[in-house]
Structures are given as structure tokens and as C-alpha cells.
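Right, I'll just put the structure down here and ask away after.
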Amino acid sequence: MARAVTTQKKAIYTVAAWGIGLLIFFPILWTFLTSFKTEGTAVADPPVFLFFDWTTDNYTVVQERSNYMRYLWNSVVIAGGSTLLGVIIAVPAAWSMAFVPGNRTKDILLWMLSTKMLPAVGVLYPIYIVLIRLGVLDTKGALIVVVMMINLPIIIWMLYTYFKEIPVDILEAARMDGASLRNEIIHVLTPMAIPGIASTILLNVILAWNEAFWTLNLTADDAAPLTAFIASYSSPEGLFYAKLSAASTMAIAPILILGWFSQKQLVRGLTFGAVK
Amino acid sequence: MATQHSRSAARLMMSPAVILLLGWMLVPLIMTLYFSFTDYRPVALPPTVAECCVGFENYVRFFTASAFMDSVWTTLIMVGGILAITVVGGILLAILLDQPMWGQGVVRILVIAPFFVMPTVSALVWKNMFMDPVNGLLTHLWEFFNATPINWLTDVPLFSIIMIVSWQWLPFATLILLTAIQSLDSEQLEAAEMDGAPAIKRFWYIILPHLARAITVVILIQTIFLLSIFAEIFVTTNGAFGTRTLTYLVYQRVLESQNVGLGSAGGILAVILANIVAIFLMRIVGKNLDA
Amino acid sequence: QETTLTIATVNNGDMIRMQGLTEDFTEQHPEIALEWVTLEENVLRQRVTQDIATNGGQFDVMTIGTYEVPIWGQQGWLVPLDDMPEGYDADDILPAIAGGLTVDGTLYAAPFYGESSMVMYRTDLMEEAGLEMPDAPTWEFIKEAAAAMTDEEAEIYGICLRGKAGWGENMAFLTAMANSYGARWFDEEWNAQFDTEAWSNTLTDYLDIMTNYGPPGAANNGFNENLALFQQGKCGMWIDATVAASFVTNPDESEVADSVGFALAPDNGLGKRGNWLWAWSLAVPAGSDAPDAAKTFIAWATSKEYTELVAENEGWANVPPGTRTSLYENQEYLDAAPFAQMTLESIQAADPTNPAVDPVPYTGVQFVAIPEFAGIGTQVGQEFSAALAGQQSAEEALSNAQALTEDEMSAAGYN
Amino acid sequence: MGRITLDKVTKSFGDVNVIPPLDLTIEDGEFVVFVGPSGCGKSTLLRLIAGLEDVSSGEIRIDGTDATNLPPAKRGLAMVFQSYALYPHMSVRKNIAFPLKMAGLSQQEQDDRVNRAAEVLNLKDYIDRRPGQLSGGQRQRVAIGRAIVREPSAFLFDEPLSNLDAALRVGMRLEISELHNRLETTMIYVTHDQVEAMTMADKIVVLRAGNIEQVGSPLELYRTPRNLFVAGFIGSPKMNLIGGAEAQKHGATTIGIRPEHITASTESGEWTGTVGVAEHLGSDTFFHVHVEGWKEPITVRVDGELSLRHGDKVMLTPQAERIHKFDANGLRVE
Amino acid sequence: MGRITLDKVTKSFGDVNVIPPLDLTIEDGEFVVFVGPSGCGKSTLLRLIAGLEDVSSGEIRIDGTDATNLPPAKRGLAMVFQSYALYPHMSVRKNIAFPLKMAGLSQQEQDDRVNRAAEVLNLKDYIDRRPGQLSGGQRQRVAIGRAIVREPSAFLFDEPLSNLDAALRVGMRLEISELHNRLETTMIYVTHDQVEAMTMADKIVVLRAGNIEQVGSPLELYRTPRNLFVAGFIGSPKMNLIGGAEAQKHGATTIGIRPEHITASTESGEWTGTVGVAEHLGSDTFFHVHVEGWKEPITVRVDGELSLRHGDKVMLTPQAERIHKFDANGLRVE
């Protein structure tokens, strides 16, 4: 299929792909642009795209209303902490399933995945009560654990699929070379699985960052992340498009930027074993 | 690889994850199960807190309410619709992105972006800035073409939510399918070409079957996430106009009506239904995991 | 020794404003630190209910409405506020408001602001239409005016009303409207009344007005959406909370600030007007570990001094209205707020203990003060909202509402 | 019905010129093998003929008509890929029927042809399996089956045996040769295994860096390699190449002598050396003999009876008429 | 320092009994090759010795001490894998040093040993590259380097050359043989390529379905195969096996004669047949001759000069003393 692609064809593909790409991206772009408008321009009819008086007032207003940095920090801690903890627990588990598979391995894996099917609203009360009893409601620690538990099956599954791609031979070679299990995992498996682990981490940071049910319901203040921040903007009074846009931009920008910068890693690993 | 030593090491290393997940599943599940057989209405006058036992009363009530079957249908339509749009759209988009073009990297960045957007934010933005019947951008667009604007969230509420969620998940499907397409052995396509298959038939007979596995994975993962869609409904329609999914119905019972017993019964029913779907899906994927 | 108070508030203007003024409080009380949890109304209600029902103790001060206070007070979930500091002057609180926050003579929450509902209208459009709004209009007149003011070409809709489903959204309006139509939620035996002529009239008229003269997509419009529409000059009339008055007359936010008129909520000549009574109040949950500090804060936030503080910083028009008699005797306020008198009259016109034309077993004007109401109200609201969206007829909506209400009430053990 | 002519064909990938102008004619019914080291352009050449790559310049004619711009499907050629490129989701039957289905043949006709091919290739027993359930050799046969049902005017094979193990390779090699004898269709076969080239070809084309080094029958190449490259490439084990003073004696820069053309004895001979590694194959033994002053050991084939051990002294005598002489440019001198 | 004894070793995977009770002794310094068809248990056996699998029963002794339950690292063996199993994220130097690092040797000592190994294996120039940047042969050498630095008491090789192309295989084969000559360490080498087995082994172990069919030196196996399986497996091209009346004449159920032990002539001979496929290798030619009444064609090796074509008549004479006789059970009869 490596025949010369005519420039004309390439141009058609380029136009089509850019068109669709921009269309898909447009809501985000529009939100971004709107965040720099005044409330009046934001609802102007016909809408204005680029040529308006850019203002950062909305950001000031939002920041005055709520301490953005604090929510941001909580989001970072919860997303990062839960992912890290999840990976630490998942690596050994994925190692076991990938390299010492038993008859039950696949069942266990699927069972793990099925725990994700518990409808969160259904078990909110029990979890809430448990956390109250433990006295850890509205703490980052509790949130880290809860979010970690939600994503753990996905983390394990992803790591499992990467590990399976690593030739067993190499681990056996390490074993022959005198490496203990710990050394085998630290010096051989982990470095080899870096791309997979990186993409697992990325995906889970994104999922944790955007997890909106538990983070909202189990926090009040001390541990409230950006999902709670945005919950106070869902319908403020009066003309609010610009402020909503500013708050939205602030809520998604960090993860969007992270995602863009690391999209290569993310994409490379996003297969869940779907690709052979 | 399978010596006694490594097997016991494996069991040991797997146990933290298994035990944690078992706890995470069993504790709430058992509590929910217990609640579902009790009268638990913490704000009633006088309040009842898990007063045992009312038998299957909660189940009967939840199950026989017309809202239940409606919500099951809504859930199926919503999940099915989103899956259909994201899978079909994802395949088309993946094929397009696989073609030679300028600025492929940038296009991919554009396409992937919605995946990073918080569901709440995405729902808010779509609802207010695009689907608003007066100030929404889509309304302006319709007006520009002299068409009667659509009241998205009231006239076609289910469709609107499906669109919003599809927008968020399309990138995910596209990325996985794109990787899958790129993994297709080019010699297979060349062989088909030598065999006289034109582009469309190559797609149908070679590419599509090659994608089967990727498609099942996309469906499985998305189903898991889609069954628990919440924020999008909460923000846009609050469950009105036939957008009340099973999850949302449970939410209304537990948190709006504060009838924990009834809601728990609903939760258990939802778990059962979700697992029926899951078993069905996992059979397929499980088969593929071996291959 | 610093005490930290976690305060759950709703994300509306007055509350946000208060957050900006906390310095005044912390200067007076350096030993108390404040943490704000600002949430959208529905989320807030769910969060605080959840917390108080499980005794979670996450909040020290909660912002709750007139619906919750009597129920929660009865449950013993709230700390009584009868020992407020000296100079608080609890007697100054408007009797209609205080009545809704008192259970068996004990005050369980302090009103932050109070509101009723009234008609807000565009004087310029009314003039154009050649009509004149009476101080106390009838539904008949409202309908006529709405027809006259509608100009869909110019995107001007004769009337904007709540359509979004929710017991605090469309049902607040519709329940109040039903009161003036002689309808009620329950008869004295707690039998649901949606199968009555009166409800049928209410809903038919509502749907009639809204489909003919309302804005598109009205079934998703709540207070905020309507406010935005009105401020953009897209509504001829708007019947909603009295607090809206300060927003629609604020020239910074509203394009129509100088042409807004006010009138009492409409009636049908049956003796009840279609206005409600609501107060966002501050209460201390029994699970709070700092009830004293919490009371100190509430006393500050609902005091006359706070009113003055707002006036000083933001102008009299922006003080939280509807809670204290003294405010309505303050000439400065009356001058700054043209809607003050109408607000006061509206509040006084509401009678929570006797809301409907016929006798009822419950209290509450636009709600029924029983714990089950939130759930029922929202479901009924969804039926009516669906009718507004054209997905079902008025009859269907009413019979569905009747069925589900009967169902819920029997499950809850009322009959 | 299968004469292929390449006329000044060139191919560049971007700046890299992979095939310099190249002329080649393949006669109808010939079995032509392209050999050459890895990366020399064998696959590229084959793909140019197949139409899977566009030529950069020049012309390709099939049976006299210009096919340079025809799409692959229209050239009437069939190709067997190195990876077999079977369709993994289709049964063997469907795989083989695929080109027929694409050509729009009736179901009846399809079945007939598939059955015939399956018979010829001994695939009857696996006809309903998927490729994933077949062994390497079976897959190979399916790939060939898919090629023959089309009754093409020529077959193109790109290293079809390189994924098979040694024993299977020998078997499949014979099968393909027999197929050629039976069908008498033109076959173009790419390999870098010179045993395959020698045993199968009517005509071998030796390529190096896109250039044709020599074209000829296997024995021609074996007996009269045109230059050092061909001499070293054809024959196994490799021809011994000797430079320096010994070559001077024969009036050449380099001389070459094949292992099988050297006589070894413990008593007398032209060259004296010590035995290094000895490889006993049973049928033959190869000794690697280190002759003093020569860089490379000399490989000698001995018929079995001579028993020498590591370190023994041995005398070697090349058969004089079998010595190949090359000049400073590496070209053969007669 | 490298005597390995297997005593009634068995291995089952679940219900499948892969190795039935098996006894084998490998002497110190021996080069032992395990051959056998695919799936016969060669790798399994090697992995049992390495400790990568547990035996189901029986005992493995290394230098007299029981190693049955020792973990792989403690057995003092080094293994070279078919895939090389290099650590892709480490440079060549780090790869080779890895076992030393795990053993906790000083940096100085590590460097010394790595340099020595790199020297021996000609790896100096690539020492800082990653495996991904190396050719197949170089990778192979790194894998061997990693094995030798540990100075193990025995080396285990699992088909180390099967991923290399034919030419490279020949070269690496020699290198490994030379290494064995130099180190004089026990080597156990798995392959299914019988040329490798013949050329490298001191002792060949022929396996079939986990059973040892014969153990002996390459020439022993070539000359006196104990049964039909070994006869067919050892030697290339394969021994011709003839049953029926012809075998009866020799008082056997089956007779076997190797292609190189048949004389062909156009004039006279014991058997008469027609030439089928002819494979000209230059050095030799192999004719596949169809003898009337016999199912399988007879392969004959001819020295080059006889020119026969497809379809020609030919007379064959087996060398009487080279005829192998087998009874009804397939066992050799003397």
C-alpha cells in the first residue's frame, strides 16, 4: 500500500480530518473563547468568535468566589494519590495474572472488572455510613482510597495486557541470572513496561480527575476537588455564560494540557489488549 | 514459569488487590442487600433507620412501579445509542485518521480532547452554550439557516444526552480503533488487493473483521462506564422527559425521596441487570482474551 | 484555639456576597475560621439531607429552606436558636417568615433572606400593548397581557414561568398557582387531589399560557434561566421570587433595569393569591461539634448589622430582603428598592398554615411540609414538565401524578 | 501467457534510490528466482511487478501489453506473501474462495475451483479450519491455494518458506517445484536462501543493491560466477576465496575454490594446514583448515572415511580446472 | 564441575504427561544436543534442568548434589534463550553485567568480567548499544556473553539459532563450537535442526514424545540408528525407507538406505525408476526417483556429472553393506 499518494488525495484527507477534528474540538474552543468575553458578548446574537474585547474579568470573579488553587490541589492529590496507590497494588497483581496464569485467572480478571458495575448511587449510603464510622468523611485519604478502588480494576486490566506482551523468556532469563522476584519486577519488568505503565497512569489520572460522583458526595470542604468546584457553577444567577466558561476552562485545563502533552504515551497504551 | 515457588509468590502478590476489591464489593453490597429488606427512611416522621424486616416489599414496590420498566428501557436505549454512535463514528474517524495527511498529530489532539473533559463540565457547556433554546449556539445555527430551532433538551431529550455523552466517548473509541487499524498487517490488505477486492470490500471483508476484537473491548469498557452515567442527566434534565435511567431512578429513591430501603432494592436490581449485561459481554471478551 | 466552621451554602447572589464580607466577621471573632462549601441548590439539598440523616457531621452551619426546617426541627436534628446573643432582636423577624421556622414555639433556623413571589413585568411593553397592570392582577388579565406582549419575531415572549421539573422548581410555582385556583395537594384525609377539577383548570391554564406565549424550551427553565431571559429583555412578564426584583432592576446586569414594574401574584377571586413563601435560613445541625461558634456566626449573618454592612459595601438595593420588619421601615432601603413594598405585601399575603381555599392537613404554601414531599413533588413535577414539553397531555400528567402520589402516600403509611 | 518484461525500471523511496535502471525479461513458464542479501531490493522488485508499488520510471510489460499503470488486481498475477497474509477470520475455504468471490464467480464455480485446489494441495482435511489452527506448512499451502484458484498468468512468491522450520522447508520446496512442473506457469520467487535458489530455479537473478549481478541457470552460476559477489553467494558451504601470493601464482587477484573441489589427504598435497573445527554430517564432513599465512580458514568437504581430529596436520590439493580466477575489480577472468 | 544426572524425572502439565520417567546422565564438559520433532519435550526437559519448571517426580542432580528443589538462580547454570531474552532497556554492557550485579559483585569485578566476555565474543564495538540496535547475530552473542560471565557449570541453549537466517546460522554454529572447545564447560543444546545436532554434538539425545529414542555420538546415530524413528530423523536428506517385497528379500520388514549410499547409472543397477524432481546444488544433485510399485520416491545423491532430466530412466544400486534393516517393531536388526 506504499504507493505514491497523490497530493490531491492527501489534501482531501487533510481537509476532511481537520474539519471533523475542529468540529469535535469546537465546544472546548468555544468555551475557552467565551471565558474571555463579557456576559453581554457571550450571548450576543449573532455570536461573535474572535473579534471582541478580550477580558480576564471572569477569571477574577471566579477566583474571588472560590479558592481555585485549593480545589486544584485537592484534585491533584486525589487523582495522583489514587493512581499511584492503585499502580502499586496493581503491579504485583498484574504480574501474577500475566506470568503465572492459573485456571481462574481470567475469571478473576473479569470479576474485578465486574465490580465496576456496582451502581454508585446504590451503595452511596453504605459507603457514607462506613466512612462516618471510620471518621474519615471529607478527608483526602478516604477519597484517594475510594477513587483508587473504583479504578483499580481498570488499572489491573491495563497492566495485565501490557505485561502479557512482555516475553516470559526475559523474566525467566532474569531468574536464571539470579534475580529475586523483587529484583525481577523492579529491574526488568517495570522498566520494560514503562510505556504501558505510563499510559495506565495517565488514563487513570484522567478518570480520577473527572470522577464526579464520589468526589462530590464524600467531600465537603477539606478534600473537595474541582468537581465540587464546578458544582457551584452549574446554575448561578443571571447571565452566566462567561463565568461558567471561565470556571469550566479552569476545571478542565490542567487535565487537558496533561493529556495533550502525553497523548503519545496515552494513545500507545490505550488498547486494553484489543490489538493483537 | 510455573514452579511451585512462583505460584505461591503469585498468590501472595495478587492477594492485596483481590482482598481490597472483595471488601470494596462485599461490604457495600451486603449492607445494601440488608437495607433493601428493611424500612429505612431516615427523614420520615418518625424516622426509620434500617428497621428489619419488611421482606420483599421494597423489591415489589420498586419492580412494579411503571418507572422501573421505563427506566430499564431508557437505560438500554441510552447505552445502546451511545455505543452505536461511538463505535460507528469511531470506525469511520479512525479510518480517516489513518490516511496520509498533513498535521495528523494536531488533528489527533483535537479529536482526543473531549475525553479529558469532566462530565459535569461537558453537560453544562452543552446544555447552556449549545442546546439552550434561546441563546445556544445550535439555536443560532438553525436560525442562520432559517430553520426552526430545536428545543434540544425538551423535544429530543434522550437524543440530546446521547449526543453529549457520545461526544465525550467518541475519542476513546476512535483511539482504540485507530490503534487496531494500524496494527493490521499491511500484507493482508495487499493480498486482498491482489485478489481483486476494491477499497470498500477490503473494508468490509478485511478491516472490519480485524477490528472485531477492538470493537468488543470498546463496547465492554464503555458499557461499564455508561451504565453509571449520572452527571450528564443530573445537569441537563434531572431525569425528566424520559431520560430517567435505572441509575437515576435509584438516585431519586435514595437521595431525593430519602427512601434508602426502596433505593437499595433498586440498587440490587440494578446490580443484577448490570451483571447480566456484563456476563453477556464478558463471555465475548473473555473468549477474545485467549486468542 | 481556633474553631473552624464549615458552612454549606447555596450558590446564589446573596450568599456569595456574604462570603465576600466574612472579613468583618473574622475581625470580630478571630477565634473562628470559616470554610465555605458552595453548591448548586439541588446538590446542596441532597448533600445536607444526606449528611443530617446519617449524622455525618460534615457541616456546622447549613443553608436550608422553609421546607426542611419544620421537619428537621421536629426530628430534633437542629440546634434550637432560642438563646441568640443579646441585641439580636428575634422579634424583629417578619412573623410570616418566623412562623415557618418555628416548631412548637422554638426557633430552629434564622432567616437569611425571605421571599415570596410576585409579577414582574416590562412597563414599556405593557404600554406598547396598551394595557395597564393592576396592583393585584387576575389570571385572566395575565393571560390577556401575555397574548398582547408576545412577539416571537423579536424573540419577546409574553410570559416566562418555571417549567423545570423539581419540587422547588416548577412545583413551587404550580402549587402556589393551584392554591389560587382552589386546588390543594391533599384533602384532610391525605388523599391526593390531582383528580379534581381545580387541578385540571390549573394545569390546563398553565400549559395554555406557556405553550402560546412562553419561551421555547420552557420545560427546562428554572429560576436562573428565566432570570437570564428576563434580563435580556426576552420576557414580557415573569412570576417568580421576589428576590429577583433586585437583579432585574440592577442596570449592571439587566438590559431592562429601568422599565420593570411589579404587581402581586395573580388570583382567581377565590381568596387566595398564587404567591409563595420561602426563606433561605441558616441552621445548626445537631451533629455539629461547634454549636456555639455556629450560633455566633448565624447571629452575625442574619443580624441588622449585617444588613447595614451590605448596604455600606454594596448599596441598599443589595441587602438580603424579606426577613426583618425593621428593614421595611428604613427609608433608605425603601428609596433604593422600588420593589420593597411589593415584596413585603407579598410575604404578608402568604399563609403557610392555611394555604389553600379548602382546608388541608399540612402546612406550607408551595410545598407540603412532610418528609415524603421532596420525592413526590419532584416526580409530579416531572410529569407536569413532560406535559409542558408536549410529551403528554394535561390529563395524562394529572392521572399519572394522582397515581404516583397515592402510591407514595400509602407506602409512607398515611392511608 | 506469462511473459514479463521490465524496461529501465527504477524505484526510489524519497531520496533513496533502491532500484537503479533495471532491464529483465522473464519468459513464459519460467521459474525465476531472485536472490541477494537482505535489503538488496528483491521484495521491492517483486512488488513493482505485482503493482503494489509504483515504478519511479520505466515500463513493465506483461505479455507484451503495458501494465505499468494497471492496478494490482488487473495484472492477472497472484502473490504469496512471506507472512502468508491469510485472512485470519475466514476459514480455509473462504480464504481460497476470496479472490473468486471478488471476481463475482457463481457459488458453484467457486466451490468447484476451491475443491480442486484443495485436492491438489492436500488441504481437504483442514478446509473448514481457521488459519490460526493450522501449522506453518498448512498455512503456506492455503496461501498457495488462494493464488492458484485465480489461474493467474504468473505467480509471485516473496520468501514463502522463510517462516518454516528446516525440515518443512525442504518438503515445501519440493511441493512448489512439483506445482511448477504441473502448472507450467511463470513463477517469480524471492529468497535469500541460496539452496532454495539452486534447487528450484530455471533461472536465477542475483541482485545486489538493486543491481543485477548475474542472470543464469543455477549451474551456470555455480560453475561460472561472473564476479566475486556471485561466487561467494552461490554454493554452500561458501567458496573459499584466497588472495595474496597464492592468487598471484594463478595470475589473478583473488582465486576461488569450492570446498567440494579440494582433495584432502594426510600424506601429500599442495597446501598444508591444521584442522580446526570439524563438522560431521554423516554423509559428508566439513573440515575448517587453517593454512599458515592465510587469514581465513579453508573449508574442505571430505567424503566420510578420512578421520581427522582437531589440531591434526592435513594436506590439501585443489582441482586445478575448478579454480576460479578474479581480477582486481572482482570480475571473473577466464 | 558440570555433571548433570536426571533420575526418573517426569513432568506432566495437568493431565498431559509430557515427560515419562526419564534417566539421563550428562558428563562434565560434554556437548549434548537434544533433538526431536516439535513438541516432543526438548524445551521442557531443558527447563526442568534449569529449574524454570518443577519436576512432577524424580530427581535432578548437578555435580552429585540434589538440585531438584533449588531455584534456578542457585543451580549455577546459565541459559541462552531462543528469543535471546535480552533486556531491551539495558545497554549490552548492562545486559552482560546483570547476573553479576544480582550476585552482588563489586563494580570493578563486574567491569573486568564484562570486558573479558566482550573481548572473547567480539562485542567491544557495540558495548554501549541497546539490543534493539543490534543485528540478530550480535544479539545472539550478547546472550552468550550474559551466560558466560557467570562462569556457570553448564550452559543451556534452547534453539539459539532458529531466529537467524541460514548464512548466519552457519557462522554462529561454528562460534558456539569454538566456544565449547575453549571453555570446555558442559553444554546442553536444544535444536530440531539435525544438521546443527550432527555438527556440534559430542552426544546426541534423540527424543520422541518425551522418550529418549537413542543416545550416542553423531556418527553412531548416523551409522547405526536404533530404530526407524532415529533412522528417519538423522541424516539429510532423509534415509530412504523401503518396505514390502524388497525388504523381505533382506529378511526385514523395512530397509533403509541413505541417498548418498546409492549409486545411480543409466546403464545397469538393481532398481529401475524414472527421474522426478531434480535438485541441482552445484556441488551435488539430488534426484527423486520413482521406482515402479513403490509408494515413495527414492532420493539419490549424485556427484554432479551425471546429467539426467525429468522423466529419464535410471538404474539404482544400493551399497549392500550400508543397508539398514528394521523389524516389524521398527527396531534395528543386525
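A few comments on the model shown:
Chains here go by letter, A, B, C, D and E, matching the order in which they are written, and residues are numbered from 1 within each.
One rule holds in what follows: a residue touches a chain if its C-beta (ideal position, glycine included) is under 8 Å from a C-beta of that chain, and two chains touch if they have at least 3 such contacts.
Treat the numbers as computed from the prediction; the structure is a model and nothing was measured.
Note on connectivity: the fewest steps through touching chains from chain B to chain D is 1. Using the contact threshold fixed earlier, the set of chains in contact with both chain A and chain D is B, E. The chain with its Cα centroid farthest from the Cα centroid of chain E is C.
When the interfaces B-C and B-E are ranked by C-beta pairs in contact, the top one is B-C. Mean C-alpha positions place chain C and chain D at a centre distance of 90 Å. Distance between chain A and chain C, defined via averaged C-alpha coordinates, is recorded as 39 Å.
Note on chain placement: the centre of chain A and the centre of chain B lie 16 Å apart, centres being C-alpha means.
Mean C-alpha positions place chain A and chain E at a centre distance of 53 Å.
Counting partners per residue, chain C has 50, 54, 228, 232 as the residues that reach two or more other chains.
Shown for chain D are the residues in touch with two or more other chains, namely 52.
Counting partners per residue, chain B has 1-2, 135, 190, 193, 255, 291 as the residues that reach two or more other chains.
Against chain D, the residues of chain B that register as touching in their complex are 185, 187-188, 190-197, 201, 205-206, 209-210, 212, 291. Listed in rising order, the residues of chain C touching chain A in the complex are 6, 8, 11-13, 16, 19-20, 35-41, 43, 47, 50-51, 54-59, 222-225, 227-228, 231-232, 247, 253. Touching chain C in their complex are the following residues of chain A: 39, 43, 64-66, 124-125, 128-129, 132, 137-138, 216-217, 220-222, 224, 228, 231-240.
Contact residues of chain B toward chain A in the complex are 1-2, 6-7, 9-11, 13-14, 16-18, 20-21, 24-25, 27-29, 31-32, 35, 93, 96-97, 99-104, 106-122, 124-126, 128-130, 135, 137, 140, 144, 167, 170-172, 175-176, 178-180, 183, 186, 189-190, 193, 213-214, 216-218, 220-221, 224, 227-228, 230-231, 235, 246-248, 250-251, 254-255, 260, 263-264, 266-268, 270-271, 274-275, 277-278, 282, 285-286, 289-291.
Residues 50, 52, 71-73, 77-79, 81-83, 85-90, 98-99, 102-103, 132, 146, 150 of chain D are the ones that touch chain B when the two sit in their complex.
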